[in-house]
Amino acid sequence: MWWYIGKRLLQTIPVILGATFIIWALVFLRPGDPILGLFGDKPASPAVKAAIEHQYHLDENFFVQWLYFLKGIFTFDLGDDFRGQAISTQLQNAFPVTVTLALMALVFEAIFGVVLGTIAGLRRNGWFDSTMLVATLIMLAIPIFVIGFVFQLFFGVKLGWAAVTVGGDWTVSKLILPAVVLGIVDLAYTLRLTRTSVAENLSADHVRTARAKGLSPGLVVRNHVLRNSLIPVTTHLGVNVGGLMAGAVITEGIFNVPGVGNLAFRSIQQGQSTTVVSVVTVMVLVYVLMSLLVDLLYAVLDPRIRYA
Amino acid sequence: MPETTTSPTRPRPGQERFVAAIEETPLQAIDAVDVGEVPENQWREAWKRLRRQPLFWISAVIIFVLAVVIAFPGLFTNADPQFKQLSDSFAPARDGHPFGFTQQGGDVWARTLYGARASVAVGVLTTVLVAVIGIITGAVAGFYGGWVDTILSRLSDIFFSIPLLLASIVVISVINNVKPDRGFWLSVIVIVLALALFAWPQITRQMRGAVLEVKNLEFVDAATAIGATRFKNLTRHIVPNALAPVIVTATISLGVFIVAEAALSFLGLGLPSNVVSWGNDLSDAQNQVRSGQHLVVMWVPATALAITVLGFILLGEAVREALDPKGRKA
Amino acid sequence: MRLTRRQRLAGVAMVVVGGLTLAACGSDSDGGSAGGSDAVITVYGTNPQNPMIPTATNEVGGGDPIQNLYAGLVAYNADGSVVNEVADSIDSKDSINWTVKLKDGWKFTDGSPVTAQSFVRAWNYGANPANKQLNNYFFYPIEGTDDVGNTTDGAKEMSGLKVVDDKTFTIKLKSAESDFPLRLGYSAYFPVPDSAFDSSGKITKEYGDHPIGNGPYMLTKKGWEKAKQIAMVPNPDYKGAHKPKNGGLTFKFFNSTDSAYSAVQSGELDVLDQVPPSALTTFETDGDVKAYNEPGSSFSSITIPERLPHFKGEEGNLRRAAISQAINRKEITEKIFNGARTPAKDFTSPVLDGWTDSVPGNEVLNFDAAKAKDLWAQADKIAKWDGKFQLAYNNDGAGNKEFSEAVANQIKNTLGIDASAKVYATFDELRKDVTDRTIKTAFRTGWQADYPSMLNYLGPIYATGAGSNDGDYSNKQFDKLVSEASAAQGDARYKLITEAQTLLLKDLPALPLWYQNATAVTGQDVKGFVFTWQQKPQYYALTK
């Protein structure tokens, strides 16, 4: 077990190498000229432009630029972005709030998704199941910016139940509304997955056995149906923590959360390559850790899965 | 059936029987298999079960209507979806224009009808591409394990961490440089590639998880015991039984991809404005949300999107039940 | 008519009439009344992208705080007139050689005095390319710099700047410019204390994070909290025209003007100086906020370079005029912008002194479908039109997509040609194609003036070889008129500007579209909101 975890953590290194390499390539291929963009609509001074390009090694070839970045990672010195702001500060400011937001969204979608999905699965094709299907469709078809706006206007501005914007001095309670909005699209997945798994497992042999030996319906559902139904749901949730973090651009924009989604979005738009790759590197770490966690959870949920 | 069991009369060395030969016992009559009937093909069987489901027929009707709209949008409207006149900006419904006009003065109804083609193409093609890549990689990773699993899983970690936005900017602008004037299909394919590049790992992880679960089940051991090869085991027994979560995810993703095109449009990376799509119109409708005026420009394409997703979710549901061996009652 | 329209621009008028001396301009409205409430006003901001150094900051996130933390030689009144701030006098006899005398008693908030050296050192720092400052462009009028404002031949200092004594320095320009003092209120010309520099002569990182200025406000101890806010309180030593009436300013950072608008609605934010497109229809009737909407100083246009096929010479002029008359500006400003834009009548801005709506030849800016078709047909006689007309825009600017598509549709419908909008995802992507001259379509252009003068809208954009002349327009006569106008004064100057604009209306190096209105919302309890000529709130005057 520990050997397995250690092995997985070691694998992180090639993953980071690979991911940063690909992202560098993408930023490199990105059209436009970020240094020219620094000057806005004023004419750029060629001398200043060249000096800045030299400072950030943009005059080097692609491979050398990548090596400079790796050096930064392994010496824990990411340096500055093209406008002279420390990248590490930007990451430190952005990640805590986004991680909190993503985890809150995850808890929201996990609780609601599993509970509602289980009920829908137990009473398949009943009125509750149908209602949930319609709700799922609505969640899918209404773009997130509409849901966000409406929630903000209704719960925030009109009713005053929640903070309208989050801002730099964020707290967990201010993040509740954005977390719900962020979790809503994924809630559709969690709900449908749980429903399907529960419905499938209801007809499984061991469930019939459990029923036959006279276990109470509640116990059957809890110990036999749910536990076996949770593997696909766990996979989905685990994999999606990262998605929730990166996909929060729109939600973060609506509720003014100073998080990773917006940092990444702005950096990509401005071609701030070092910032983009730094953000992605942290994201890769999150993905690798989450998929490790999910794999370990498999073993908990299904005793037949073992890791050596 | 493996050879050894079909020829019991020629026992292998070491397997000689010291009890009565099986044909000499009355058991034979009881266990006799009707060899006259061709073994039912698994997929044909599934199709049989599919046809018996009302869900399937509801989804079939929706998808058929959608197909008609896609093929002949002109049957339902006389308006030109590309004709926009600012004097009609947000004009209310009038004869021949049942839902009024967009901000730019385009016909809402015509744009929704003609937009189906691009949007459904984006949704379906991306889903199919993602599903094919995801199912194959996930099944291989989960089943073979070891270094194959390591490589595929870490590869999916890498791709998962690439921001969709960055990937799209690059894919789309590289293609822009090569071919600035794209026709309908090339535009759609570019979006499909950009979305798929980002989305396949989700299915991979899902499939891998399901395969890990299924490969330990008794019937797989049974198949192995009767001599099924590893590959046959994977394709015949494990994959069909592991498909359920993938089908659920994929059918929901279909809608998510159509909406994702709206997000890309919103960033200027979606389909070009000469291609009518629900995504383009939904992203344009965004500004109306705060004022709450002229929301018709949003709910018409949104409803079309919801109905489409409904069709495919129901289809997925029906297919999943048809494939589920536990559902085989008849 | 011109001067009567802007009689309140007494400042500029007096400068011009009174022998180029700015000393006379008072600030009676602001003096003394330092009382009022001590409430801290929260205003919309974004995280500064550059270190907060005057010559390094060229975007609003850092620019707005810097305007409040520093005082320059002159300060702008809300109407665009200027009043002497640190300068006691700015004099010139020939509009080339200027002598600046400073007032006594000005101090930076670290206690050090504001001297001639504080200005000259800061400016030289900004102009020296080795320091990688983004605002070097603003020094181009001064002798010893190249076209983009860098010191020439690797020099560390501009030859045109000379410190005479602690309170006096001289500026020598490359060519006569009678309204040069108008420039000096811009943030690139602010002074920097000696303590900002390290031993090697570089401005330190710490200074960029926590600047020390001489302006109406100073940073609190926490000052700039990255990704959160910038907090400032009134500077007790400040003795200029913009004495704060409130108890301080907090620039709260927002990701989008949309979220900021919601924050104003709910009372979490006091002032938002840019209404998001989603609220343009409703903000003036929104009961949760106070709304402000008036013509502003930024100008939008379309540039169709000569190098595009069919846009050269006589044929090109006909086609540009046809396209200009095919665009119904009024309809777009109403339907797309809900009146938050005003159709253009010239190439400058109505907030400026000397502006007129009757430049001869500006009927080419009126929508006239029949005339447009006729002009297009005439051009077709010279050479038959083929291909399609595309208008490029950058999608990361709010409202660009909507108006570009509307313009393309109008051209398409009026002229019956294939016209469409072409999207660039980001500003720098479009900028690169424009700068490299690789763009093969028409493109949107805009101008936000650096100082309140009509000439700033003409020379830097349309003069031969000018830095922002993206369409490579060249007209010797126009160049001559602009340089004559620069040196001229009074009505003679406005007459020359009108002549120059008439030339532009004939050649249409850019098709003027509209002036962007200044729009803002504040909380119900906020008082004293006034727009400056730069479409910004007059921060010091806000109270609640």
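Order of writing sets the labels: A, B and C. Residues in every chain begin at 1.
Note that a residue touches a chain if its C-beta (ideal position, glycine included) is under 8 Å from a C-beta of that chain, and two chains touch if they have at least 3 such contacts.
This one's a predicted model, so the numbers in the text were calculated from it and none came from an experiment.
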Chain centres computed over CA atoms; the one at greatest distance from subunit C is chain B
A student comparing B-C to A-C should find more C-beta pairs in contact for A-C
Identifier of the chain whose CA centre is least distant from the whole-structure CA centre: A
Taking each chain's centre as the mean of its CA atoms, subunit A sits from subunit B at a distance in Å of 22
Distance between chain centroids, defined by C-alpha means - subunit B, subunit C (Å): 52
CA centre of subunit A versus CA centre of subunit C: separation in Å? 40
Two or more other chains touching the same residue: where does that happen in subunit A? 31, 153
Give the residues of subunit B that touch two or more other chains, as numbers and ranges in rising order. 169, 173, 286, 289-290
Please set out, as single numbers or ranges, the residues of subunit C touching at least two other chains. 258, 396, 425-426, 429
Which residues, counting only subunit C, touch subunit A once they are in their complex? 47, 49-51, 56, 58-59, 129-130, 132-134, 136-137, 147-150, 205, 208, 225-229, 252-256, 258-260, 262-263, 265-266, 268-269, 288, 396, 425-432, 435, 446-448, 467-468
Which positions of subunit A touch subunit C when the two form their complex? 31-34, 36-48, 51-52, 55, 83-85, 89-90, 93-94, 152-153, 156-157, 160, 163-165, 167-169, 252-258, 262, 269-271
Could you please specify the touching residues of subunit C with respect to subunit B in the complex? 258, 261, 277-279, 281-282, 328, 331-332, 335-336, 394-396, 401-402, 405-406, 409-410, 413, 420-421, 423-426, 429
For the complex, which residues does subunit B have touching subunit C? 84-87, 89-90, 103-105, 169, 172-173, 267-269, 272-274, 284, 286-291, 293
List the residues on subunit A that touch subunit B in their complex, please. 11, 14-15, 18-19, 22-23, 26-27, 29-31, 133, 136-138, 140-146, 149-150, 153, 185, 188-189, 192-193, 196-197, 200, 203-204, 231-232, 234-236, 238-240, 242-243, 246-247, 249-250, 264-265, 268, 276, 280, 283-284, 287-288, 291, 294, 298, 302, 304-305
